[in-house]
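In the part that follows, the structures are each spelled out as structure tokens.
Look for chain A in each of the two complexes below; its partner is chain B in the first and chain C in the second.
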Partner chain A sequence: MITITPRTSAGWQAQLAAYVLALLLGFSASALLITASGASVSEGFGALYEGAFGSWEAVLQSLVAATPLIFTGLATVIAFRAEIWSIGQEGQMFAGAMCGYWASLYLGGAPWLIAIPIIILAAMVGGGALGGLCGWLKTRFSVNEIISTVMLNYVVVYLLSYLLAGGPWTAEGSTSYHQTPVFAENFHLPLLVGSVKLHIGFPLALAAAAVCWVIIKKTPLGFEIRALGFNPTALRFKGVNVTRTVLIVMCLSGALSALAGVSEIFGVNYRLRGDVMAGLGFTGIIVGMIGGLNPIGAVIAALLFGALANGSLYMSVLSDIPPSLVPAMQGILLLFFLSASVLVRYSINIVRPVHV
Partner chain B sequence: MPIPTIEARGLCKSFGPVRANHDISFSVHAGELLCLFGENGAGKSTLSACLTGLFPPDKGEIIYKGAPLKMSSAADAIRAGIGLVHQHFVLVPDFTVLENIVIGSERRLVVNYGEAEAKLRQICETYGIDIDPNALVRDLSVGEQQWAELLKALYFDADLLILDEPTATLDIENSKKLFRIIEKLKADDVALILISHFLDEVMQSDRVAVLRQGEVAGIRSTSETSPEELTRMMVGRDLEPKVRQASSVGPARLMLENVTVGQKGQKPELSNISLTIHQGEIFGIAGVAGNGQNPLMEVIAGVRVPASGRITLDGTEISGLNARVIKDMGLGHIPDDRFVEGLVPELSIEENLILGDHRGFYSRGGLLDFPKMRMSAERMIREYQISAPSAETPTGNLSGGNAQRVILAREKRLATRVLLANQPTRGLDVGVIEYIHTKLLEKRAEGVAVLIASSELEDLMNLCDRIGVLFQGRLMGIVEAGRTNLEEIGLLMAGQAMEEAA
Partner chain C sequence: MNIRKHAAIAALSIATAAGSATAEEPTELGIGLILATGPEAAWDATLLRDLEGVVESAPHGLDIAFKNINGKWGEDAGDAMELLAKSGRYQIIWAHSSYSDQVKALQEKYPEILFVLVGAGNEGLGGNAYWVYKRAHEPSYLLGVLAGRLTENNVVGVVGQFPSEDVNDQINSFFAGARSVNPEVQRKVAFIESWYDPAKAEQFTNAQIAAGADLTFQMVESFETCEKASIMCFGNYVDHGETSPDSVVASALISWTEDINWVIGEWYDYAANGTPYDGNTSEKWVPMADGGSALSSFHAYEDKLSAELKEEIATLSAQIASGELAIPVDLSLPTSD
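Our next item is the complex of A and B:
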């Protein structure tokens, strides 16, 4: 018989060991998958490493890939901590990118020092409003947030398709590319000094993680968010406006997701198109979960997933491994990480029944 | 001397830093009723869990019918012939009584229900239990569910029966019946362990083992001890005799005028309540739980909004105001359900102590004031004698009494004008009850208006200046505590209105 009992506490060494082991086992399982697909494991992992950390440039590229995942991961952390199961990171990211682009249409030749903050602000308002809408539906009409956020994801993603392919944002003379023309340079997120790739979105994401950490751990709002996740009734009995807390959480989560859209569109692609963002919101959910719903953990998980995404590009170019194996590897890693987090909190014993 | 049915030798069980059982030894013989007596959190439930295989002891051994017994699950205990009657029912509501009993006991692939039913009816007849084996459990009253729970243990012919606070849900008549059944079981040479903190029941056992802070404080033959000695052993000191200062009732403080609570179009949960509580007065609400106590407390505290009527605090209207605003005016509220309405069980003692004041008293410059939180938590843990490893212990790990002390500590600081206490002593033992009463009397001496709802009539009689009786949301009458008796209040509780309201 198997018994599962809560552990009183596991030291940080044991926790670290558990997660390192999960990583190793995850890669071992992925290796089996690669073998099954008929490709060479050493070649595949070699290419993966090359793309993720193989050169200074690869490292920077990995950080760029990690940036939007940090934002959507943080969006997950804030919402899930309050036990609000928002799956709307994807749509909110799209909404953020679209609102940022919309604002840029009115900014003409404004210097970047003025244009960029306005674009960022507009994006956050857009994403925040979309998140807030789901929060309002939840508090006012008891609409389950999982349903509303998932459905609105579709609405927003298809809205962008319409706008770019036949709608008002369609590029002159081409409806087939589903993208806007390249932005003027004053709308590009500035690159970090001495870099050709890494834009200010990355330090912004780290700052956002620090802010989220402070909010959750150190502020009265964060206290309410944690307490809300566990027991909203006790909060209501002490006169805490639970409705307001839910709305704030959803707006914050939406605004964070929106920044993922800004960093991908204005920091990397310099034109608005949907396909480059697709999936970054959903991956953010995995990132937040692997990060143990902790802002710092989410940053670490996002860095891992950024490296994986970038490495997989190399893998698909340099080896015969089908690129569709990468999401499978992400899924496998998630399973192992979640198993490790269970092992950290519970001890599982196999007990032989004793007969009298 | 024959071999005891069960003997515990030096049982120890800890949960992290919490030492729930330490070096516990005792024995029970066939045909004997041993009572485990102790406060909440003294380790009674942990001990019964060790004896029934729910978790193995860290140290020590259990000798069962002369041989060491190691159990790794409840199934092992059942197989050995040890039955446990749970304090909280472990029944499947959508199954019949018979099905519930058969699930745990039969290990054959195909159950012969006819045979099982015949056996169950036989048992019911032997022990005089009147229950339909084919009734669905969810259609049973709470008392009947207790019988079903007991039948589960009787069905497989247990040699040792552990009863965990079985009378908590039974009325007096059924409690007597339970003890008649216990007598029959004793005559059939079953060994029984009764876990209780009711002295009346304890005195009906053969021997009493008193537990205090996880250790055996002493074992006595019931015929050679007294309730006073047992209480002293349980608490570890003498109880102070209750001294009631003469009341010095001041001007009106909290006034309710024709307050009604309820949804439109439905029977009101509280109808047309008018009452006045003065400075330095304790006003008691008697009544069977569920007759409007919760809506009354919640509407005063601002958790709910009255449908009509007016509530004033020192002349200022507070009806319809937000609970936070009312709290800031000097109102403390000890709610009915500790772990749902009063605490966030997953958060620490320290964090629960700031609940509601996390944006005011305990914040500085937009951040939580951690040094202040820690200082005040440690002071309150000392002052209110909350026994916990540290201020960071989750409140969900605390016993009922310690959890209530946390709520009391938080609310007493807030209650500068009014303190509401809804069933503040329910399920707690004498030591904590006495402590809570002392704190309520302290508030009264400070001139606070105290409103307490309790189903313990004698406590209300000892504590209150006046008592109002709620029945189906209506105030049946108000009596002076000094000029009434239990019979008068009992009649009001049963719904008989007073001829003339006081």
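Our next item is the complex of A and C:
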């Protein structure tokens, strides 16, 4: 019989070893796939490396790709540490981008020093409110957060579609499409380095990770979040207002997801459209899980995902690997990572049945 | 004498060199494709199919090689375009969707490369950026006529991708066709908010069927749902009747061959003759009469449809081809009744 039991702690060395092994196994399996396709493994991996870390520009591009994932990963960490299974990162990210854009409509020619903080704040309020709504539904009506967050993801995405499809936010001057006009320059997140679009969203994401770490590890709220995950009944008997904690967690998680939307829309694409954000929220859940529900771990996982995304791009363009193999390789690596994350969180034992 | 001789030789050499420069015709062409989805989506699959056909036909005697980069949007697509441009292996970068933001950022940096933008959501950039548009509203009108004739309860559905111009035009023409022969037709319109998502397509098709639709125009390629529900469907972009003969009555087909040949011709003129690029700034599309779109055959429904209906469709097709029947392009947002 196989038993699966949660580990108390695997230790950071064991975790690191598990993920390095996952990386090696993932690449080995990918190499087999590339060989089977007749393409050159060295050329493919060479291009992957070049895209991930091969040049200063490539590194910066990897950081750009990692930025929204850090935010949605952190959103996952905050919610999941409290064992609130929010799947709403995607919708909250959209809500954040939408509220940020809505605020920008009233800012006209305001200088970026004024406009950007207001846009960020508006986005956080929007994402936080959406998260808070799910928290309120959970605490007030016992609505399962998985259901409410998933459903609200749809609602928000379709609300954006309504606004963009011939609605008040539709771009003028180009053929009708689901996108806003290009933003004025004062609404662009300032760039940090030259022509590569590494913007202030990246240091903001690192700062958010540090704040999350401090909250979880060093504050009474962090204790409540962790305790909520372990035993909410005990927490209630201790006199903690669990309803308040759930609401705070969901608002925080929503606000963090919203920052991913701001980062991607105001930092990279400079116009609001749904397709450029699609999937970043869901990927954040994987990032948070692989990061061991630890803010620092989530940052590392997001950086890895960013490097992999940019490396895959180079691999598709510069090598002769069939285009369909690139997402397959990403999927293989992801499977090995998820397996490693299960192994570091759970102990799998084979127990022989005792015959009496 | 010597001076004259040398001058004559020099003049001859310069003339020969200049002559050979203008006469030097390119023999190879690399095309980099940026696809929003990949060969699994009909929009992209039709381009790859037609490009392979053009490669076979070798226009201008060119040895053409192409590479497709799948599933790229926004800045990822821009980065991919720049990598293609930097590699020096691609003279044409065909960005098969709304990528004008990305092309705008690159077109001056790579003036020798011909960029192609496709469909709605773009702006005409001109110069070395050409804009290909695809309209399939004419065959969609014919599908609508079929739907109007075949529906039993007068509830007809459409499951579309996004409400963008080059989707709206097809839906509006489809219903215009249906109502031209059956004014009682009620419209059911849904968008899955994705360019390719079979799972969502199935959900929305089921919703259309639950809402009473006994015929649906499947712009999103989910035909198993129609088969399970035993309803007739219409396909889009590729001939889905070949693969789903039990449910697909006919499909609105598109072809990129004319567009690809036009773009290659423009590049060739630039490369061989030095003619400056002159990209179009307004939509350019190839009508049904010139092969830009078509109605598929009826496959398994050939024997199931009445001779009168087939005759009616053939007549309308001929009228569209001759220009006798003009199908207006209606870009308004289609809604359910």
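Basically, the second predicted complex is superposed on the first by the 291 of 356 C-alpha atoms of A that agree within 3 Å, B and C clash if a C-alpha of one lies under 4 Å from a C-alpha of the other, contacts with A are read in each partner's own complex, and residues count from 1 in each chain.
We take it that a contact is a pair of C-beta atoms (placed from the backbone, for glycine too) under 8 Å apart; a residue touches a chain by one contact, two chains touch by 3 or more.
Remember, it's a predicted structure, so these values are computed and weren't measured experimentally.
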{"item": "Which superposed partner A:126 touches (first chain B, second chain C, both, neither)", "value": "neither"}
{"item": "Chain B versus chain C as contact partner of A:218, first or second or both or neither", "value": "first"}
{"item": "Which superposed partner A:313 touches (first chain B, second chain C, both, neither)", "value": "second"}
{"item": "Chain B versus chain C as contact partner of A:240, first or second or both or neither", "value": "first"}
{"item": "Touched partner set for A:230, first chain B, second chain C, both or neither", "value": "first"}
{"item": "Partner chain(s) touched by A:201 [first = chain B, second = chain C, both, neither]", "value": "neither"}
{"item": "Partner chain(s) touched by A:274 [first = chain B, second = chain C, both, neither]", "value": "second"}
{"item": "Partner chain(s) touched by A:91 [first = chain B, second = chain C, both, neither]", "value": "neither"}
{"item": "Touching both chain B and chain C, residues of chain A", "value": "none"}
{"item": "Partner chain A, residues of chain B touching it in the complex", "value": "15-17, 55, 64, 67, 69-73, 75-76, 79-80, 298, 301-303, 322-327, 333, 335, 340-347, 351, 354-356, 358-359, 362-363, 366-368, 370"}
{"item": "For the chain A and chain C complex, residues of the former touching the latter", "value": "61, 64-65, 157-158, 161, 165-166, 173-179, 182, 197, 268-271, 273-276, 278, 309-310, 313-314, 316-318, 323-324, 326-327"}
{"item": "Chain C residues within the chain A interface of the complex", "value": "32, 36, 38-39, 67-76, 79-80, 83-84, 87, 98, 100-101, 119-123, 162-166, 168, 191, 193-195, 283, 331-333"}
{"item": "Complex contact set, residues of chain A against chain B", "value": "1, 3, 5, 8-9, 214, 218-220, 223-224, 226-227, 230-231, 233-241, 351-356"}
